[in-house]
Every structure is written in C-alpha cells, then in structure tokens.
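Each structure below appears as structure tokens.
Next come two complexes, and both contain subunit A; in the first it sits with subunit B, in the second with subunit C.
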Partner chain A sequence: MRKELPLAITFISGIIVVLANFLAPTWFVEANKEVTLWFQITSALFCALGVVNLTRIHSKRVSQQREGWIFSALIIASMFLFMGISLVVGQQHQLYKNMYNNMNVPLNATMYSILVFYIASAAYRAFRVRTFEATILLVAAAIVMLGKAPIGEAVLGSWVAEWTTWILDIPNTAGMRGIQLGATLGGIAMALRVLIGIERAHFGGTGE
Partner chain B sequence: MGNVDRRIIYVVMILVVVYAFVKPMGLPITISQHTKNAYNAIDSLPAGSTLVIGFDFSAGGIPELEPAAKAIFYQCMKNNVKIVMMGMWVMAGDMAERVLTEMEPLFPNKTYGVDYVNIGYKPGNALLLERAVDDIIGAALDIDHRGNKMSTLPIFQEFKSLKDADFWVCLSTGNPGVPDWIKIVGDPLKIPGTTDVVSVSIPENMPFVQSGQLTGIIQGMRGASEYELLVNRPGRAVAGMDAQSLSHVVILLFIALGNISFLMGKKKTG
Partner chain C sequence: MTLIKPGLVATLVLELAFCISVVMLITRARKGLKVPTIRKVAGLDALDEAIGRATEMGATVHYSPGIGAVDNAQTLAAMSILGYVAKTCAKYDTRLIQTNRNNVVYSIAEEIVKQAYAEVGKSDAFNPDDVRFLSEDQFGYASGCVGIMHREKVRANILIGAFWAESLIFAEVGAQIGSIQIAGTANTHQIPFFIAACDYALLGEEIYAASAYLTREPVLMGCLIGQDWGKMAGVLLVVVGAVMATMKNNALRDLLNK
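Coming up: the complex of A and B.
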C-alpha cells in the first residue's frame, strides 16, 4: 500500500491535468481546478515541513556539538527570530522592514554578487584558445561582453552593439531553441514515466 | 602570467567597480530595439488599463531588475495605467514593497488598492498563475501583502482574474518565471507581455522574443539603464553601467593575459 497509494494519487491527479488541458470536458476542467487548489495548499505545507526539517537537523548538530555547530545554532536562531517578529508585529512594521532590508536582502544579494569574482577567475583560467570551437566561443563572448557594456561602443564603435544583437538574435536563438525543444521532449518522456509509475525516484530511496 | 593568484583578480575587480562608482565616467548609453519595443508596448496602453508585474526574483536580482521595475511603475503611474504586483517567488512581496517605498512619495495622488496593489508571494509556483487565470482573489486567498482583504479593494472590483490584464511583465531570475507566464497567460489568453531578466538569462529567453511571445525584452542591468533613460529618470542602472563596463574590460584583459601565456607556453613546448 505504501507504493500503490502514492502511485494511484500520482496517476489520477496527473491524468486529470493532462485530460483537462487536451480534451477539456467540463468535468475534467473542474477536477483540474480542484487538483490545482490542493497543490497550492500542499505547497504552503512544504514551508512548514521545511521549518520542521531544518530545526530537526540543525538542533541535532548543535546538541552533539558537531563541527560548525555554531552555524547551525545561527540558522535556528535567525529563522525563529524572523518568524517570531513577522508573526508578532506583521510584515509592514518598520522593525520587520529594517531587519529584512538590512539583513536578509544584503545577505541574499551578496551570495549572488560574489559570482562576479568567481566568473572573472574562472574565465581567466578556463577560456583558452585550445581548439577552433573554443576560439569561436571566446570571440563571441568577447564581442557580447563589450556590446553589453557602454565602453564597447564608446571605444570600438557601433559595430560591437550590432554584432552583439546579431549573435544573441540569430545563432544564440537557434541554439537555445534546439536545447529547449530537446529538454521539453525529455520532460514529456519523464512526465509519462512518472505518470505510469515507471519512474519512482520521487518516492525516495532507490525506487525498488 | 598564466597563473595569477585568484585573490589578485578579486582585488582588481573590487577596485575597478569601486572606482567606477566613485568616479563616474558617464559613458553614452544607446537604446536597443528590444528595450524600445518593451517600452513602446507599455507606453501605448490606454489610461485605465491594468498591467500585471510578476516579481519572480529574490534579492540577488535587485541590482539588475529593480531599476526597471521602478521605471515601469513610474511610466504606468504617469500614464494612469493600473498595476497589480504579484509573484511566484517567496521574496516577491518584499521586492515589490521596495519599489513602492521609493515610488509612492512621487505619486501622492495615486492610492494603494485603487491604482496599484501588491498581492505579494502566494504559494503554488506556476499553478498560482493557473488559478489566478480564473480567480485572482481565490488564488491569493483574499489577502494582499499588506494584510488587506483583497475583496474590499476597489482595484479588484474590475480586475477579477488575469484575463482582465492588458499587459504583463515578468521580472525574472529563473524558474518559475517567463515560460510559465507565456504558457499560462500570454499564449492561451492572447495577452501581450514582456520580461526583464538578469543577464545570464538573456540567451534562454531570446527564442520567445523572436517568436513574438514576448514583446521586446529588457536585458539585464544594461536594458534597465536603457529603460531608465526612456522614462527620463536615470537611476541606479545608469549609474551601474560604468562599473559593468570596467568589470567587463578587466575580465577580458585577464582572459587575454591567460591566452597569451597559454600560446607562449605552447610555442615553447613545440
């Protein structure tokens, strides 16, 4: 039953969504709306599940004083502090806004912005003209980088911007379209495998 | 020459970015056709229309996406176009509030809940959009980001679902994002839309521009700076263009340095 019930739920809800989109009989459309609502409710529950999971894993690390336990303590403290304050004063309170804008936002933005340093370092080490294809890639990248920054046009002229537009509009679009079509076909195949129960990795374990 | 310590690269990068902000060069910015197309489409919306903005990004996308969000809000308020802000990303509501904090004082005659509203983040990812196509209040559980009961807000007397939108803009750093807006709102409802994406997402979104599923595209911070110029309100994106210019040049110089070293080493070894 531990396998059959999730398989049945997956199949029934999946087939309702597929049929509602392709055949659109009224009954399926209504059922699809119901499934969509359940999904939205379930997604909200994932958040609670995440809180429980994080608390369980990190409190264990703290209690056992494992390496880096101080960071686990910090995660638990900041999670409950933020949650508590937003529940008590609400998200429109200046205290919450200050904490959010001066702690959460800069930390999140920092994680993203340090990529520039990694990209610079990685580009220096990896972008080598080893083959003909690598040379084409390097030249295209250089043109796009200059074309996307005003200095390219200011120093080299408008051809940089024109070539950048051409690279993005023509070869890039053609390549991306091929990749996207391939990925979509793969997605359809995977969805069918999940729907008919061949793919069971989402149940956890090895699927055996 | 071929093995510069990465910490030197980091320091040089920090220095040029800081220099660009301290000593702006004011390099001229030309406006691309893609940005013009997005701007013109929004600008041609008649007064009283409703534009929906999907804040589908987190704080990491602020430098590239927020300037365009502010410029679009500014443009719409000036043209008396109503705005509904929502999002599939957890930070959506807070990202929209950041825009409102700066924009609200500029438009004292515009009222929250009448001319614009921030629904905020609601769970469900793409299925949130699917539900909002039929019933926006139901999809958002009748509560906006500021805790108001949506059914009591005047804007929702006319705007009952995404079908009532005249245009949509997806501010996106990834998934869920642009493909969901096209798949659920743009194509089936025949509602035109555009996107403002971070630079790394430009290539994957270009096919949608060529197919006409997106009306133009605002490409990263560069596109945002162009949009700021189009609405005659240069801001942080325009200011960031010098830093972007110098950082790109530094990366290219290091790539050139690495390749010179590589070619010289190859020549030596025969």
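Coming up: the complex of A and C.
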C-alpha cells in the first residue's frame, strides 16, 4: 500500500492535469483547478522544511564558530527578520516593500550583472580556434556580433546585418528546433514513465 | 459544447499515438523481447570518471538539479541521475553536496540521497547537512552554489536539470576552480553556455535517457526506443510539411491546426 497509493495519486492527478490541456468540459476544468490548488497547498507546506534545513545548517556553523560563521548568522537573522515583518505587517506594507526593493532587488541585479564577465570568458574559451567546428563557430559569432552592433553595419555595410539575420533565422533556428523536438518527446516519455509508475526516483528511492 | 478544445484535436491525437507506441514498446521489453542497443552518451559515461577524480583528490562532488520545480520533467530526470550519483559517491566514500532551489525538490532529493546510502549499506555515512536548500530566489541560489563551490573544494560539478540565466555562473565558476564538469539541460538557450564552459554536455533529450542508460533496465530501454520512433515521425512530418509548404499546399498545416 505504501507504494500503490502514491502511484495511484500520481496517475489520477497526472491524467487530470494532462487532459485538462485538451478537454473543454467545465467539470474537467474545475477538477484541474482543484488538483492545481492541492499542489500549491502541498508545496507551501514544504516551505517549512526549507526553513528548517537552512536554520539547522547555519546555526551549526554559528555555534561551532566555523570560518565565515558571521555570514551564517546574517542569513538566519535576515531570513527571520523578513519572515517576521511579512507576517506582522503583510507583504503590501511600505516597510516590507522598501526592504524587498532596496535589499533583495539590488542583490539580484548584482548577481545577474556578473554574467557579463562570465559570458566574455566563456566566449573566449569557445572561440579559441582549435578545430574546424570552432573555426565555423568563431566566424559565425564574429558576423553576428558585428551585425548586432551598430558599428558593424556602419563600417562594413548592410551585408553584415543580412548575414546575421540569415544565421539566426536559418541554421540557428533549425538546430534549436531539432534539439527542442527531441527534448519535448523526451519530456512526454518521462511524464508517461512517471504516470505509469516506471520512473519512481521522485518517491525517494534511487529509481531501481 | 465540444469535448476537445478547438485547435488541439490533432495535437491530442499525435500525443496519444506517441504514448501508445511508447507503452507498446515497454510491454514488448517486459515480455523479454529484444530491444536495440543505444548509442554511447559521453556525458553519462563521464559521471563515474568525475566522481572517481573527486575521490582520488579527496574532494567533493556538487550536484545541482537546476532551478525547476518538481512539475518540470527535467527536474524529474535530474532526480533519476541523482540516485546514481549518490550511490556511486556513497560506494567510494566521496562527499556529495547536493543543493536545491525548490523546497519540494529538496525534500525529494534528501530522500533519494538517504536511500542511496542505505542501498550500499552506509546509512551512517549519510550527512543530512550535505543536502541543502539554499534559496527560492534564482540568484540567491546561484550565489549560494558559487560559495559552496569555492569553499568546499568541489572538484566534480554535476549540473543536470532545468537551468536558466544562472547556468553560466555555475559553469564558469566550476571551470575557474578546476572542476571536472558534466552539465545537461533541455533549455535550448542554456545549452551553448554548458558546451562552452563544461567538459561534457548532455543535450536536450539525453538527460531523459539517463535512467535507461545508467540502469540498462529493458523496460526503460523500450521507452527510449519509443521516443526514437516519435522523433522519426516528427522528422517525417517536418519534411513532408516543408515540401508541401514549398509547393504552396497548406493541407498538412490545416490538419494539424484542427
């Protein structure tokens, strides 16, 4: 029963969610809404597990005064501060909004902006000409970069922009769609394996 | 009132046909009938190499299942591979740090890793603190992972699942610290980043083939063959559609839009 019940729940709720994309009757749409609501409620319950994990790991670091323990203390303090304030004043309160917009948002933006340096170093690594494929990549990338930057068209003429459009629309899109076709079918097969209980890793085992 | 939403009849029929062919092949595999062999996937073969290298160096393996929720097929595929990675790490007493962005995925991952240690008879070696929930926030999770990679002597970095903008942050930091890196995703815009920065990349469908490839279980192999049949049918539709569209014939397009 320990295995059969979760499998049955997975199958029934999975079928409802999948068919809801195709079937029109109102009762079916309502059933799907109900299942989705249950999913949201269950997911919300798991939030507590995340908080427990964070608190356990970082409080251990603080109590043992391990290297960087001050950051762990900061994590615990900020997590409970945010949680407390949102519970007391609500997420629409100006205090909460100020904290979110002036602390969370800039931190996210900083992390995101670092990407530009990583893109440069990854591009350098990818464009090192060692093989025939890397040469094609380098030439295609150089044309696209020149075509996308205003200076490219101004100096070299309109052919750069035309070639850029061709590279992006034809070979690039064809390659992407080829991968997408395989990935989509793989995703459907994966969902089917989960629905009929062949794939069981998500139940907590190693899938064997 | 119509039973099926307009414009989705053909999609439903095609999906059902695909599912039926997969189920047929699974049934065939269950009966013990021969299923063809599958090609080598370098990225999956390299999992043992990566864990072996970390073991030799006395270093840590980091595993990220991406930032997708549990309703994402890529996350489920990542969970299958996690079982194999955790078991191998447990077998060789290699430290595995598994990080998560989603609470539900975190609890599933913890169970998988715990079970993997139990299956090799090393339940006592399982450290619950090595399966970590970092943050629900995309870049909060990314910065947490980067910190772990730098601090915990990560020499094997396995990134398999649904990744978005943070993919390159993980892959580049992994490359900078000298980790052997295996990455895979079905998100096409992130694949080039993984190819550029990682030692091995699993492209799209290869992550879904992992459980069949790693376990060589006939039933899962049968499912994989069904996937290939579907792909061949898809390619056939694309070719026929392209030829018909070139000849200004929209019959197939209209049929698929029904």
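As a convention for this text, the second predicted complex is superposed on the first by the 166 of 208 C-alpha atoms of A that agree within 3 Å, B and C clash if a C-alpha of one lies under 4 Å from a C-alpha of the other, contacts with A are read in each partner's own complex, and residues count from 1 in each chain.
Heads up, the rule we're going with is that a residue touches a chain if its C-beta (ideal position, glycine included) is under 8 Å from a C-beta of that chain, and two chains touch if they have at least 3 such contacts.
All values reported here derive from a predicted model rather than from experimental measurement.
**Q** For A:54, using the defined touch cut-off, is the partner it touches subunit B, subunit C, both, or neither? Pick first, second, both or neither.
**A** After superposing on A, A:54 lies in contact with subunit C but is clear of subunit B.
**Q** First (subunit B), second (subunit C), both or neither: which does A:25 touch?
**A** second
**Q** First (subunit B), second (subunit C), both or neither: which does A:148 touch?
**A** Only subunit B is touched by A:148; subunit C is not.
**Q** Answer with first, second, both or neither: which of subunit B and subunit C does A:104 touch in the superposed model?
**A** A:104: touches subunit B and subunit C.
**Q** For A:196, using the defined touch cut-off, is the partner it touches subunit B, subunit C, both, or neither? Pick first, second, both or neither.
**A** second
**Q** Touching A:180, do we find subunit B (first), subunit C (second), both, or neither?
**A** In the superposition, A:180 contacts both subunit B and subunit C.
**Q** Identify the partner contact of A:43: answer first if only subunit B is touched, second if only subunit C is, both if each is, neither if none is.
**A** both
**Q** May I ask you to decide whether A:63 touches subunit B, subunit C, both, or neither, giving the answer as first, second, both or neither?
**A** Neither: A:63 stays clear of subunit B and subunit C.
**Q** So which bits of subunit A does subunit B touch that subunit C touches too?
**A** 39, 43, 46-47, 104, 107-108, 111-112, 119, 121, 123, 125, 176, 180
**Q** Taking the touch rule as given, give the residues of subunit C at its contact with subunit A in the complex, in rising order.
**A** Its residues touching subunit A are 1-5, 8, 11-12, 15, 18-19, 22-23, 26, 69-71, 73-74, 76-77, 79-80, 82-84, 86-87, 103-104, 106-108, 111-112, 114-116, 119, 128-129, 131-134, 136-140, 142-143, 151, 165, 168-169, 171-172, 175, 186, 188, 191-193, 195-197, 203-205, 207-209, 211, 215, 217, 219-220, 223-224, 226-227, 230-231, 234-235, 238.
**Q** What does subunit B use to touch subunit A in their complex?
**A** Against subunit A, the touching part of subunit B is residues 4, 6, 9-10, 13, 27-30, 32-33, 58-63, 91, 93-94, 97-98, 122-125, 127-128, 130-131, 134, 139, 145-147, 199, 202-204, 206-207, 209-210, 219-220, 222, 241-242, 244-252, 254-255, 257-259, 262-263.
**Q** Which residues of subunit A touch subunit C in their complex?
**A** 21-25, 39, 42-43, 46-47, 49-50, 53-54, 56-57, 60, 67-68, 104, 107-108, 111-112, 114-115, 118-119, 121-123, 125-126, 176, 179-183, 185-194, 196, 198-199, 201-208
**Q** Quick one: in the complex, what on subunit A touches subunit B?
**A** So the residues of subunit A touching subunit B come out as 33, 36-37, 39-40, 43-44, 46-47, 90-92, 97, 100-101, 104-109, 111-113, 116-117, 119-121, 123-125, 127-130, 138, 142, 145-146, 148-154, 158, 161, 165, 168-169, 172-173, 176-177, 180.
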